[in-house]
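Chain nomenclature is as follows: A, B, C and D, assigned in order of appearance, with residue numbering initiated at 1 for each chain independently.
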Amino acid sequence: MRVGVLTGGGDCPGLNAVIRAVVRKGVQVYGYEFVGFRDGWRGPLEGDTIPLDVQAVRGILPRGGTILGSSRTNPIKIEGGVERIKDNLAGLGVDALIAIGGEDTLGVARQLHDRGVKVVGVPKTIDNDLNATDYTFGFDTAVNIAMEAIDRLHTTAESHHRALICEVMGRHAGWIALHAGMASGANVILIPERPFDIEKVCGYVESRFKTKYAPIIVVAEGAHPADGQMDIQNQELDAFGHVRLGGIGERLAAEIEKRTGKEARTTVLGHIQRGGTPTAFDRVLATRFGLHAIDAVHDGDWGKMVGLNGTDIKRVDLSAATDELKTVPVERYSESEVFFG
Amino acid sequence: MRVGVLTGGGDCPGLNAVIRAVVRKGVQVYGYEFVGFRDGWRGPLEGDTIPLDVQAVRGILPRGGTILGSSRTNPIKIEGGVERIKDNLAGLGVDALIAIGGEDTLGVARQLHDRGVKVVGVPKTIDNDLNATDYTFGFDTAVNIAMEAIDRLHTTAESHHRALICEVMGRHAGWIALHAGMASGANVILIPERPFDIEKVCGYVESRFKTKYAPIIVVAEGAHPADGQMDIQNQELDAFGHVRLGGIGERLAAEIEKRTGKEARTTVLGHIQRGGTPTAFDRVLATRFGLHAIDAVHDGDWGKMVGLNGTDIKRVDLSAATDELKTVPVERYSESEVFFG
Amino acid sequence: MRVGVLTGGGDCPGLNAVIRAVVRKGVQVYGYEFVGFRDGWRGPLEGDTIPLDVQAVRGILPRGGTILGSSRTNPIKIEGGVERIKDNLAGLGVDALIAIGGEDTLGVARQLHDRGVKVVGVPKTIDNDLNATDYTFGFDTAVNIAMEAIDRLHTTAESHHRALICEVMGRHAGWIALHAGMASGANVILIPERPFDIEKVCGYVESRFKTKYAPIIVVAEGAHPADGQMDIQNQELDAFGHVRLGGIGERLAAEIEKRTGKEARTTVLGHIQRGGTPTAFDRVLATRFGLHAIDAVHDGDWGKMVGLNGTDIKRVDLSAATDELKTVPVERYSESEVFFG
Amino acid sequence: MRVGVLTGGGDCPGLNAVIRAVVRKGVQVYGYEFVGFRDGWRGPLEGDTIPLDVQAVRGILPRGGTILGSSRTNPIKIEGGVERIKDNLAGLGVDALIAIGGEDTLGVARQLHDRGVKVVGVPKTIDNDLNATDYTFGFDTAVNIAMEAIDRLHTTAESHHRALICEVMGRHAGWIALHAGMASGANVILIPERPFDIEKVCGYVESRFKTKYAPIIVVAEGAHPADGQMDIQNQELDAFGHVRLGGIGERLAAEIEKRTGKEARTTVLGHIQRGGTPTAFDRVLATRFGLHAIDAVHDGDWGKMVGLNGTDIKRVDLSAATDELKTVPVERYSESEVFFG
């Protein structure tokens, strides 16, 4: 059996741990050979491969990023893309694929499966917003990085009588903000699932200033005020369609300054949340995902992906990857509100 | 309602996070008053209290240890101990107790509950060996500390052609060794649940030396060889009944040197595994345990303790704390064996 | 002897270590009493004090921030400010002052000294831009935080073919950028002392992309292009006169995208560089500064401040604090250029 | 010019940073070629080499250990060793050598220089006990690792009324103990330079227990009591001549328990102090050492080694490496005594 492996989408601490586990168990236990595809779906689309054996995966467990590279190439949107992939797999003698990625990457995997390609998926989303698994790897690392940054902000907030805002990842789901905010004792946590009331936020800020401490606000990048409340200006987009200036963190600081007369500063953590060495939780989870993914290949359980259920790894249909998002439920957010203000 | 809080047994990162959550929600949401008891069951036994209000719990979330102190005092074993506790609670106007601790502390809580004391428990074991909950707080922190230490050992092992052994906590269950070992790419993991075969261990050591890397062995303090295999000498006990010298890590190093002719060195992590600031996972888990424990008090759900089930906090009987240990199942250990040698 | 202590200006990891050392040695060795002044020069100006004894400084060594609070209040600019301070010191029975702060705080100290107040200074600048000392505490911590962030960016840069920019502190001197950039293997380092050539920067970016790695650019907040090279727009100022949007990091990313056609992303580390627990280097340096400052008080060596010279602490005139800035010399910058591109 | 590079003795965070800087500047600025010798002096002795070019040093800056391997092989003690090295260098076309190592490695370098080999040295000692330089790389990393471990011990000490001992590296000089102890607020620091009075140590322990905190004792592995004070038993040696059991930390704990009746526990940090990624200070220092060493080669300044003097790198005679040890002077130790008890 010759198995291809690829990683797609944004990078996430733990990708290399998955790759290593897949290869180690595949070679040592099942006697498989492996082919690494470069840069997500671009690899099989263009037949761009790298050698992938036990030697290639030595020492990569603690390293962030992915030795296979990544991209957002979507072969479905490319004329004849699926056929080219099937041809390339046949040409390379690749019998089965393990696709490690998020909603987009696994959506492609599912469609390839529907067209007869033997695929097993491993879910990846740093935002933890996937229904099919209790947690995804990378999330715990991101939360710890954000928590450590906010721990550091606390001492400055206390010394300077200044509101400090920390903008974290989370376009559609507020898991990182919720966990990092709870873990670091944030005075307000704002998430995309719950449009915020700017007056209430300013109320928390002002009541916090009445203690000898200054407020820390954790805001997910996708959080937004209730309609009409803030004068969020049109945001400048760069050549790649990403917002460059004036994220919610900056706008919120300006609004708080205007309304409360107190100084406010924003830190946007950005890419440092997704790089570097994974935490133990993520290394163990990613390793177990890899081990169970190659088991699924061995069982011929195509069209499935692995997921965490309590402390067990189970298999679910690839379609679960493209189900509705797992957003923060109201009870979880309410838990955190006890600590607001 | 006036609620007493105590922490018993060995300390664990996250104890302060539990205390803070209990007090913040108890005061702000339910309007309760709190009494802190010093040093575990010694506090209620001797009526030794400290003030416990919102001010007292400010800033303690990230701090290891416990602001209430701890001890291993067991009032059940003291003549008239239970009556003295009941008298002291009555005298102090304490209506209910939240006991945070392990098997021993919660065993006492259960017996007090049987004798009419209103008690809710919060489980604590850094070894993660409790059946009633998926994880206990402190475990994730200990695993990360051990993993970081082993990450550091890797570079020395690679540079010096020397076997390195890391002894971690785990007297009866090998969870810390299993997770830290998987997370750090250990070449052998030895746990109490599986008496090891010293010849097999030496075989892994020798095969590893044939690559350009040197072996790293992670061993739980309670691991032991199959009968008669190693000349484990009687271990010197100190005045407090603890083993002082010659733990399994040191003995294993001596045995490996003798059998393989290769140098071996041991690091015993000891207390650094249980101190310091908790990880985000442990801060969130401990905070949620605290919030749900005070909810149980509010509901008058006496004789219960909180536990983690997937991503939910549930309540179980206090008796679950003294059920049989949650040891590492054979399937989990087998997962790790893929990476041995 | 009754000694007042204050901390002024931006906070810096190590301030608490200085305060602790001053008080511990002052009380235990010299038998002095202490008065803490709140919020920099605002404290003596308004007679706002807090108790400062051995108990008050317990446990503060590892904590960032300052237990005394800080401000940028300048009594020289306030009508009758100096007289009010002298009156308050007399009224409180304060015989001498230890002022811990940067150019502004120590500039005030010097003028008070000229008017007869007994003052000793401890220099503080996270930017390390003070001629009178080899290093200032807080700098090493800031450099390590920046380095760890950039280490994390590396893995993302490698996985995504995207230029990553990290903006660090340094308005007038590029020490943090230089050290963090050298320590983390940055491909370009831009500092205020050397207006950069945007074409050269883009050249490095493009040559780096030709390897399989993506470029990392470390830029000090005060760095700027050679005249006319970049269309740096007027930057929006907030109500407090600080630049809110469009720092050099963001502008540089936009310019690189425009010129090279490659994606570029910026992380602005901001306040997380100055918060949190100090490194060992900073804790030792700050502790030694504190010990030597109280020795200077004991010796009646007024108008002096402490400084590091190699591995020794020496005393220099307070005027040295307001001398010209210690900027990065050309030889030091040239060392780093070996690694550009 | 063809330059050989080797690393000898115990490993030290920063070795790879030196190698990278030597090669990057040597290739890019001076146009040199390089040969890596494996495992210290064993490499040139046996002609065992590995390729060493810009590609080989990519990504090694943050990695602990040494890509060249290390050993304690001493060619001077081998019959005809020096001649074999000279022959091998000639045979490989190696014009000059850069030797990175401690007293032993550089002692060999000096003797080779005396016999006509073109050598430049880079000093390395994690113990920081070399007179010719203010600091050596690796020391700052070791101190930070020890400090973080001791920070963690504090919370346990506070919660458990138990004396905690941390044994750190330092056979002949107490620099690591002094800096880690000062940085972490140890209550007693014991170093080889000052035989300790066990009664005084127990006095500090007892006075500390009278506060609500428990004592932390930092002890260098080479520290020892004044003559006849402690019943230090003969220590068991292993097959390699190293002390296996009963280091000073364990013995001290036993003695304190016996004399004070208080529980005492020891953590021996061991190899984790010398592994893993270097701090910023060590990465910058090691990089600058490497840059200046290759400059010395370019200048033909043979028989020299580089050293740190304040903030400058200077050159000194190789003989300085084998001068008397730089031990902790009495004034530095006295500074720390302010915090004892």
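The definition used in the following text is that contacts are C-beta pairs under 8 Å (C-beta built on N, C-alpha and C of every residue); 3 or more make two chains touch, one makes a residue touch a chain.
Just so it is clear, the structure is predicted and the values come from calculations on it, not from any experiment.
A.B. asks: Could you tell me which chains are in contact with chain A and with chain D alike?
C.D. replies: Touches both chain A and chain D: B, C.
A.B. asks: From the C-alpha centres, identify the chain that is farthest from chain D.
C.D. replies: The chain farthest from chain D, judged by C-alpha centres, is A.
A.B. asks: Centroid from C-alpha atoms only, then distance chain A to chain B, rounded to Å. What do you get?
C.D. replies: 30
A.B. asks: List the centre-to-centre spacing of chain B and chain D in whole Å, with centres computed as mean CA coordinates.
C.D. replies: From the centre of chain B to the centre of chain D is 34 Å.
A.B. asks: Suppose each chain is reduced to the average of its Cα coordinates; what separation in Å results between chain B and chain C?
C.D. replies: That pair's centroid distance is 40 Å.
A.B. asks: Multi-chain contacts in chain C: which residues touch at least two other chains?
C.D. replies: 151, in rising order.
A.B. asks: Are the chains arranged, by touching, as a line, ring, star, complete graph, or other?
C.D. replies: ring
A.B. asks: Dump the list of chain pairs that touch, please.
C.D. replies: Every touching chain pair, ordered by label, is A-B, A-C, B-D, C-D.
A.B. asks: Using the touch rule from the top, collect the residues of chain C that touch chain D in their complex.
C.D. replies: 21, 24-25, 28-29, 58, 61-62, 134-135, 140, 143-144, 147, 151, 179-180, 182-185, 211, 213, 277, 279-281, 283-284, 287-288, 291, 309-311, 335, 338-339
A.B. asks: Would you mind writing out the residues of chain C in touch with chain A in their complex?
C.D. replies: 10-11, 13, 15, 63-66, 69-71, 145, 148-149, 151-156, 158-161, 164, 238-240, 244-246, 250, 253-254, 257-258, 263, 265-272, 274-276
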